[in-house]
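Data first, discussion second: the structure below is written as structure tokens.
Which chain is which? They are A, B, C and D, in the order written, and residues in each are numbered from 1.
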């Protein structure tokens, strides 16, 4: 009961602190504090709600991809590059339409996951066999992914008449994933891919907490040395974790691809991998926590978008809020954690003194 | 000697006077109304159970933690110690229970750290270290990396650190736990030297015979309070133990042999090449039968850890053969070896035995991820694992509120009991036990010994590695001595003395053909 | 930001906007959605802003602005346009081809609102969208010719910000113009980044290094189509004592005095003219639709002469210009290789 | 659930027994590296058609490209040597670019330098408060700082630069230049020698010429900072204490070192250096603040530091390699990178031979395979396509790390949160 209360109070405290700090910044800059908050905290309209869910879906997948690595002490900065090569691959495969309808979709998704996995796997293998820090290798692989995709995109690109954007072939309608309506108006529908994202979240939770493999992965993350002694093969786990992380990263761009843009082009959303790091950290690698983090970030992004038009304040302020939230959340969780540990130790100590009291009685 | 010391102690003035020291941690009273006088030029021992509050008291005297109540007087001056810096200034030096050394720095750097004002960090400091090392016979090379040093040398570096700062009061928290008898003797020689120079030594140990032989005065602490201060000639080890815990001093003793003819583990010509330099293991050959305990004695760092890890399959590149119940182990992974019936109590429970931030029931699964009752197919069976953890908790007397507590919250002794219980589960045929009772108090120690003996009676083979020679002699059916990666002697525990073992371990004694 | 002061007070009452201005007044509210960088980017967003400002002054429009953030979602662009449309802004101008998808969708949702999009003509058939496009290759042709005429080494360079089809148009025109004058001329080409990495438009350090390399390799004139990285190109030119060519607006006028002299000419892409023309038609009560191409013929693109460094070759350049207008020369829109 | 456990740097999973010898580059290796590299370049320029590999322009540009990365890495070095992982270098660098732009424009060049450092220190302060005082996981704090810094700078720029001549929401006006060093007559002499095309001599001349022509005082200061860092960290008691906080904070505290204070100071210095890195980027490599200018150089700096085994000399080599290959790609990328392929191929084959002698056959085969592949690519292509020249620095860094045997060692307590009173 107290635990639940603590668990809830921590994020609330963090949000309040973050809002206070942002307000200070706004006030210092002479911007209208109340107007900003009344816009950001207003209840979103149906279509904005749809946008929030859509963006959260994408961010969620990215967060989960990062979280898988974190669970094993691997810092996958490379989700950015992984989702890019994967989304491009999926777009090409789906655009070519070698298979009919949803078979085509399925093939594209599988290819995306495979390519994402391979791209991340390079870092995994380098770490496992050559001891190269995945932090460096994934940074490098991000840049390499950009160059390779740019090159290949130019090779396969089609350009619509009169457009300056280039992209892959459009995916035919029968292979697109239908959106789910949440209202009747225009734009009031969310990606059908949201279902897949939920499934991914569930699978993440299930595999990690309920399976032997997940146990091994978490054990390795907690203590490499203890994991080795227990019979876990670290090199294999490292590669496996990176492969899985990369496979999920491969899904990141797909909601957009199959639900909105239907092609990969130069305006395809970028930077999702880095957002995923913040969201995984915010959600403390927990499937529900990451979902909350993704929704929160998507909410702030969506609600701040019209700030400039309606209130005349640069929406960049929200980036400050987001960063501050990441910090305040961990600080308040840390405070709560210390408190929890103390509670636990008290319980241990109580049990201990109780035992001793009993022991004393026997010889006496 | 004891009498001489006694005479000195009587005349020595009090350098440290602790009065009414109290310290509470959340839910625990670590120290409560502690009163101790330490005299100049004496060795003052402090004994007590695990968790009695000895280390806490010493940390208070060294300024690491502030006391909640009570006063500290040093040389008749009342002092308030806010940090170790204050304590050092007051002339106190401390060698901690767990070494406080930075592995990747040189001895010189470790020694001068924090005391750069004295002799700088260069040549002058080096000369001073050399001087101290020579005059106390510590034999320390200031320019070696600490990670290259063995345990004994590290201990001496710790002492050198204290001397370098010109400490008048030297605290040694369990300095002998990891030393072989010869090293202990050397250490005690050093302590006598310090004593002669007029220093006061505060010395903590669980080994009561040591305490009796070296101390001038002994203070017993129980549950955070000083019970009594005695002199060595007033008490026997047994009486001391009773003062500590109110129960008898247990000692391992071999009962009737249960060794059978059935060969269980056969190690032939085992070698482990090193990337550079001398091989870590060389031509190791031995057999263990059902119901037999084979003890391995050796100074730490002579290949024990490597031997264990090679048998467990945690190291690659080994040569020679290892057969368990006629099955060749070499192609098997660590997990397959564990599944084949090897139980493993690792030397360093924090590094190799536990997930400190996971609950006990998850720690129950660790190392047994593929076996009943923890898993069903590829899935973890949390309910069954918890239930089995409860069983271990009650059978092995693990003091904890329940199986959902984090392993970190348990004291070392209780962590160890959990590990022993876990490794005895699943009916192992071979138990590899490395220092199974290190740092564990007398009560828990006896319980662990009993468990090992019981299992042996039922046919378990045990490979026992220990730095505690009494434990080795008491439990083993045969003792092999390991030196520089080779087995250099085989002893019958009923015939051998700790001193004989000690000289074989250091390469000083006559080798006995295996 | 204070850049939209004019708009923030109008957010409350659109009707009241008219009374306070004594000169021209209008109840038209213009919504302006910029690409990344927005007003003040010293580049093509700024140029669009200049057109808007001029129209505002002249016709007394109300206007509000909003800019894209880097790497944002498609829905964010869409939402920006919808916010304008919902709040009754009409017309709404989208600056940059990245808005093409969004304008297509939103225009269909709000058939009574009028939209304009710059740098894209894929929505030519949508009834409530005006497409404002430029013949960048034609303007680039002329500065390419100028470079070839002025180059003593017979060796010039081109620094592109990000290798997109749009920037390749600049390159294509430039190369064609230079080759027209001197078929044997050597042209070094470097792009600073590849999409979707758009850092090449904002990394003057890379611009400088690339241009430096060209000057030291023997080039004496470098043309940049690299947005904010162009500042680095000018610096390199100043260090090398060589010349550079600006882009989009007359950069001689906006550059720092220390590098002003190296800017021989600039390729003008008169986004301001396009925006202004569009708005003045709106003021007249017509909402243009379909594609309007701003090319040499209508002075939608061109070259600048501030600083007087190319006064001696203006005749020749004007001759080329006429040839292009007459159709005697067709300028390619994609690089040769 | 646990706070996300995190780690950067290199682990020894792959090779359990850590090498026992001291892994310190002898200074002779560093001193020999420069002429050695020049010799290789001289050979390459002779047998391939590349001629920009060692021109003084390339070397000068390399210096400028290297400096911000090196400074960011130096910032990382300070903080990680004290045990605090600093992934927020990128954010602190961003703050530095803004500081240089704002203070440089309003108060002159040196105020810009101070502003860059000051803004970086502000970022460092945030990181220090979060990690040292509140015990926040270092990675989380760093990531948060990167987000906050980017948002803050964009927000500030739109408040402060709009309306200034040449300024706008995405860029500052031009920042005045810091003085540069040129030794005119020597420079001209060396230029003549460079042109003569004498094997090795020209290369040496172009190196020297780059050093005496238009060398920015900030670059000189930065290189001095590298030396100062080495001296302070490895030759003074302050440095010893600071490093001990990264190796074993408990031991340090048990000897009276105020661990948290040292960590705090180290992170502030780290922020200042990263800020200066941003300043150099804004003032030397270009001449104004520009949104998005850092382009991930903070991360590259971190990578260079790890590459350099948490030591100044190694860091210089890592950032130099990166700066050099980036410069080559931006200049005459096609031919220069093409020539590098040959060098890499030869290097790989040599390494393969070495591996065979050490008995590592699998590794040898893999490395030899890569070498042959590179050689084939070299023969097939005349020039490397422009899309690929840009990724040269990343590929080379990755290859070097993968092939150079891994003997990296991070400070033992790097990334661990330390609480006061944990000694003993």
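The rule is simple: a residue touches a chain if its C-beta (ideal position, glycine included) is under 8 Å from a C-beta of that chain, and two chains touch if they have at least 3 such contacts.
Remember, it's a predicted structure, so these values are computed and weren't measured experimentally.
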**OP:** Determine which two chains are connected by the greatest number of contacting C-beta pairs.
**Re:** A-D
Original post:
Roughly how many whole angstrom separate the Cα centroids of subunit C and subunit D?
Top reply: 36
**OP:** Could you put a whole-Å number on the gap between the CA centroids of subunit B and subunit C?
**Re:** 75
Original post:
Using the average of all C-alpha atoms in each chain as its centre, how far is it in Å between subunit B and subunit D?
Top reply: 44
Subject >> Per-residue multi-chain contacts in subunit A, two or more chains >> reply: 143, 146-147, 150-151, 154, 222, 314, 316
**OP:** Note the residues in subunit C that touch 2 or more other chains, in rising order.
**Re:** 1, 67, 70, 163, 193-194
**OP:** Mind pulling the residue numbers of subunit D that touch at least two other chains?
**Re:** 2, 158-159, 169, 387, 390
**OP:** If two chains touch, include that pair; go through all of them.
**Re:** A-B, A-C, A-D, B-D, C-D
**OP:** Could you please specify the touching residues of subunit D with respect to subunit C in the complex?
**Re:** 52, 55, 57-58, 61, 64-65, 68, 158-159, 161-163, 166-171, 173-174, 214, 281, 285-288, 290-293, 295, 326-327, 330-333, 386-387, 390
Subject >> Of subunit A, residues touching subunit B in the complex >> reply: 209-216, 218-219, 222-223, 225-226, 228-233, 341-342, 344-352, 355-356, 360, 363
**OP:** Would you pull the subunit C residues touching subunit A in the complex into a rising list?
**Re:** 1, 4-5, 7-8, 11, 31, 64-67, 69-76, 78-80, 82-84, 87, 97-98, 100-101, 109, 119-124, 131, 133, 163-166, 193-197, 291
Subject >> subunit D partner contacts - residues on subunit C that touch it in the complex >> reply: 1-3, 37-42, 46, 67, 70, 163, 188-194, 199, 202-210, 212-214, 216-217, 228, 231-232, 235, 239, 254-256, 258
**OP:** Sort out for me which residues of subunit D touch subunit B in the complex.
**Re:** 2, 16-22, 235-237, 240-241, 243-244, 247-248, 250-258, 409, 411-412, 421, 423-424
